[in-house]
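Same chain, two partners: subunit A is paired with subunit B first, then with subunit C.
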Partner chain A sequence: MSVENTVTTKTSSELVNRDKPIKVKPLNKVTIVIRLTLLSLVLLSIYGFLTFDYKDVGLIEGIAASIANFRVMFTEAHFSHFNFLEGLHQVFITIGLALLTTLIGAIISLFLGLFAAQNLSTVRVSNMIKSFVAFIRAVPTVLWVLIFAVSAGLGSVAAVIGMTFHSVGYLIKAYSESFEELDEGVIEALRASGANWWQIVWQAVIPSTITYLVSWSFLRFEINFGVAVAMGAAAGAGGIGYDMFMASTFYLDLREVGTITFYILIFAILLEVVAIRIKRHLKTV
Partner chain B sequence: MQDKFFLKKRLNSILLFCFFLAITYGAIIITEYNVMDGFTSVPEAFRWGISNFYPTQSSLEKLPNIMEKLIETLLISIASATIAGIFALIFAIFGSNTTKINTFFATISRFIATLFRNIDVAVWSMILLFSFGQSALTGYFALFFVSFGFLTRAFIETIDEVSNNSVEALRATGASYSSIVIHSVIPSSAPQMLSWLLFMIETNIRSATLVGILTGTGIGFSFDLYYKSLDYNSASLVVVTIVIAILLLESLSNYIRRVIL
Partner chain C sequence: MTMLLELHDVSKQYGNNTIALSDVNFSVREGEFVSVIGPSGAGKSTLLRCINRMIDASNGEIVFDGVNALGLKRKELRNLRTKIGIIFQHYNLVDRLSVIENILHGRLGYKSAITGALGIYSREEKEQALKLLNILGLEDQVYKRSDQLSGGQKQRVGIARALIQNPKMLLCDEPIASLDPNASKVIMDYLKDISKSMGITVLINLHQVDVALKYSDRIIGVSKGSVVYDGSPRHITKEEIHHIYGSEAGDLIMDLGEDTDYAG
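After this line comes the complex of A and B, so read on.
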């Protein structure tokens, strides 16, 4: 009896072993790294929530108050410290800041980007520019603006220079990577036919990467619009951001904050639509 | 024929140049930007920076305080991006053309993402200041909303790019909606999504400084405090710690990207 029993259990356990599904996803390095990264992000988030400085603000009450505030902001928006046209003027100041920084940044980055691309310059120059640019990008824009504001004073000059710095850091990286994607054969062919460096750049490199350059620049313009709003609030650069800052922290006027949010939202969505149009147009050309 | 081609090309370039010149001029007028000051202020700022903007022995004593704020800011950036990633995944599955349930839900989730993404993080933080005050939650939610909007759009594009064929194949074999999503869509787009998530964390740390200045929390508040009390040596120490943190994080996420993509 007992012998029989062991026999049956053995066969059943063997059967179970055979029935195990074949491992379709072997545990390779990629899955391990993905899981470890996700796990550590989740753990750090939980640890963060446990240690945050809440200052006696309840999560639930805060969310409830926010929802009530959103309702007031968006349904009862009004003008009190400026009228419709003045608000529009402020938005155009913000757009002007974004435009100026993007254009200046694009021109500087175009030339430095050529020297930062490895196929157009030497390895040493390229690495030097790239590491310098990585440093520029690591300092947040608002800090650049505030640092320049010490010598230039708070205002549009410091804002434009500080924002240009960060735009240059961003655009050099984007441009030089676009240049590096260029087919090596094109450059070689032109070089073999006796073209000099500038001729290669103007006749081959820029025409064949112009679509990337335009879409990266416009993307930066979109980012710069947001940054310009923020600089108006945090660094006294003027424009709609400054009105937002005043309405929010001085007048405590929730309804006016709603109006300003509408202005910013409408223009940001408009820019996004234009960006999508431009991209589609460039793809078809 | 050829003459006209080049003439046309040149005319086009001249027109484009004039157009940019005009809008630049317009932008200079409307922002009251002083071009001469712009040129002279750069070398001036560097001269000032070299002579004033460096950490000294006395400012190093504030390092533990600064590190504590920096870690809090890092945790806020990570937590906001991670939680936003979870919500964005759900909205992206409903919003993507390959995995949507119906057009109504897809339109709604895309609309919500557009709304959240296009309000700048500075604007969000000033709005949330009304309900959360000067607590860490203001910055957290400001970063969360923007991350959520951005990640939803990025995830939708990832799903559409990666999983079109495999979803069709699975649907043909009669797999249910949930098993298509769990076994095909999520695994095949996970590496790309993780890459976006890491990018969002990097962006959030930069934005967190700005949010901190506006709402009086975290590392941004430390900088603002030293900056406004003219203690430039300590302020420069804050900048140095931020730069080191961002560069370390960038190299870590670049390593992860190299392995998974």
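After this line comes the complex of A and C, so read on.
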């Protein structure tokens, strides 16, 4: 506190007249705390690296072996347990899982998001939905899938329900915050002309926020694609993730893991390209 | 001439001790052009919004077109709002929609929830929208997105949106406060013209005293939530304007007000 006071009481002329360099950022409590935190993190990292149990693996050898593995994975990728078309089929299953969960999640979230937005709903309803949704988001997607696996059995059903659940939690927050960004005056103008709630929603709120809604949904779709790959392995939901799981843990086939990684990489890039195009299109229309 | 709007002892209180309006009394005749002037925070905007119940007055009686606005149920209130158009300082258009879509929003109050939500309008409504665009000199901007318009054009769209309601009265909340002097003059001329040719009553909040004096049939001065002047613009004296705005700011207002147009 004392540091802050001495800084703020200095006049600008005092600062110029002194021989010392002029500080742009005064040293206050916040900067001190940030610097101390960073410093302790650096010290802890150094201490960690010095005291790791490396067994007999040397750092250099370890790095060399990993690079060799990566080289095998990506330069000698091959098909052994499935062919190209079968692999493609599995990728589409994974995409289907991501698309389905995003779509169901988006529809549910659109309606609940409207009620969760403070400018369109009452404070009580909004807070209720928001706190419930915060709880959903606090539990990771994988855990939700495993929770639903208790009743639905491990497999694609549990994966769809669990992933949808978490998507809803994520999208309600994203949508309702987009709705809240809307200029209060626009709502006021329509209300003043006698428009009712649904008319305001469809004629003003959704047209004004559609770019945000689409880009949030697409972002969630990309996340769900990644989660769907993991769910194939962890929850037996099928798709390319399951092949990855088999190739790595049962067949110990690095080359096939490489093939699958290429599949996922290519589709991830395609999704990104499509997302950018859609956003550009929405901005200009 | 009959009275279109009558306010009797209207008060508005926020919380326990913030008084926005206290015992406001005035009435407006049909077709009259009335300006409300007063310093920022005097309650001008609150006053305007009380009339169509965007803000609910705490006490008093507001009679619009023979109906007490404060006692209305939801559906009757909607009906009342269709008869009162509002024009805002920041236009409040839906930026991503076209000019004609924004204008047609003025019809929503007359439509069922579903046709309104889906944006289905009748041929007559669309014709009227085009007619208003012609009147307001926007015939080339019909399908332009409203965020591509200039401030003055946006305000004209705002006026068209209010007029398509077929209102008996226009409430204007600082309609020229964000516009340059040229656009301000255009907007004020349109408002005056609409008031005359269509017989629509206009109640307008203004910051520009000179503009208010030039265009209005009557001036209402508001200070600290009370009406302190109500009369013709011709008879208003320097002292009365000083009284409305408080003595410290008085000189500045009159000096500026006599020869130049100024914003804000």
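The rule is short, and it goes like this: the second predicted complex is superposed on the first by the 233 of 285 C-alpha atoms of A that agree within 3 Å, B and C clash if a C-alpha of one lies under 4 Å from a C-alpha of the other, contacts with A are read in each partner's own complex, and residues count from 1 in each chain.
The rule we apply is simple: a contact is a pair of C-beta atoms (placed from the backbone, for glycine too) under 8 Å apart; a residue touches a chain by one contact, two chains touch by 3 or more.
Computed from a predicted structure; not experimentally measured.
Student: Specify the partner with more touching residues on subunit A, choosing between subunit B and subunit C.
Tutor: B
Student: Now for A:108: first (subunit B), second (subunit C), both, or neither, which partner does it touch?
Tutor: neither
Student: Does subunit B (first) or subunit C (second) touch A:195, or do both, or does neither?
Tutor: second
Student: Have a look at where A:29 lands relative to subunit B and subunit C in the superposition and call it first, second, both or neither.
Tutor: The first partner, subunit B, only.
Student: So, A:88: does it touch subunit B (first), subunit C (second), both, or neither?
Tutor: In the superposed model, A:88 contacts neither subunit B nor subunit C.
Student: Considering only the touch criterion stated at the top, classify A:139 as touching first (subunit B), second (subunit C), both, or neither.
Tutor: first
Student: On the A-aligned overlay, A:208 touches which partner chain: subunit B = first, subunit C = second, or both, or neither?
Tutor: Once the two structures are laid over each other on A, A:208 reaches subunit C alone.
Student: Based on the superposed arrangement, let me know which partner A:183 touches: subunit B (first), subunit C (second), both, or neither?
Tutor: A:183: touches subunit C, not subunit B.
Student: Mind working out whether A:128 is in touch with subunit B, subunit C, both or neither, as first, second, both or neither?
Tutor: Neither subunit B nor subunit C is touched by A:128.
Student: Of all the subunit A residues, which ones make contact with subunit B and with subunit C?
Tutor: In subunit A, no position sits in both the subunit B and subunit C interfaces.
Student: State the interface residues of subunit C toward subunit A in the complex, per the touch definition above.
Tutor: Subunit C residues touching subunit A: 52, 54, 78-79, 81-82, 84-86, 88, 90, 92-97, 105-106, 108-111, 113-114, 116-119, 158, 161-162, 165.
Student: Using the touch definition from the top, list the residues of subunit A that touch subunit B in their complex.
Tutor: Touching subunit B: residues 25, 29-30, 33-34, 37-38, 41-42, 44-45, 47-49, 51-57, 59, 62-63, 65-66, 68-70, 73, 89, 92-93, 95-97, 99-100, 103, 134-135, 138-143, 146-148, 150-152, 155-158, 160-161, 226, 229-230, 233-234, 238-239, 241, 244-245, 248-249, 252, 254, 257, 260-261, 264-265, 268-269, 272 of subunit A.
Student: Would you mind writing out the residues of subunit A in touch with subunit C in their complex?
Tutor: 183, 185-186, 188-196, 198-199, 201-204, 207-208, 210
Student: Under the touch definition given earlier, write down the residues of subunit B that touch subunit A in their complex.
Tutor: 20, 23-24, 26-28, 30-34, 37-38, 41-42, 44-45, 47-49, 53, 72, 75-76, 78-79, 81-83, 114-115, 118-123, 126-137, 140-141, 187, 190-191, 194, 197-198, 206-207, 209-210, 213-214, 217, 220, 223, 227, 232, 239, 242-243, 246-247, 250, 256, 259-260
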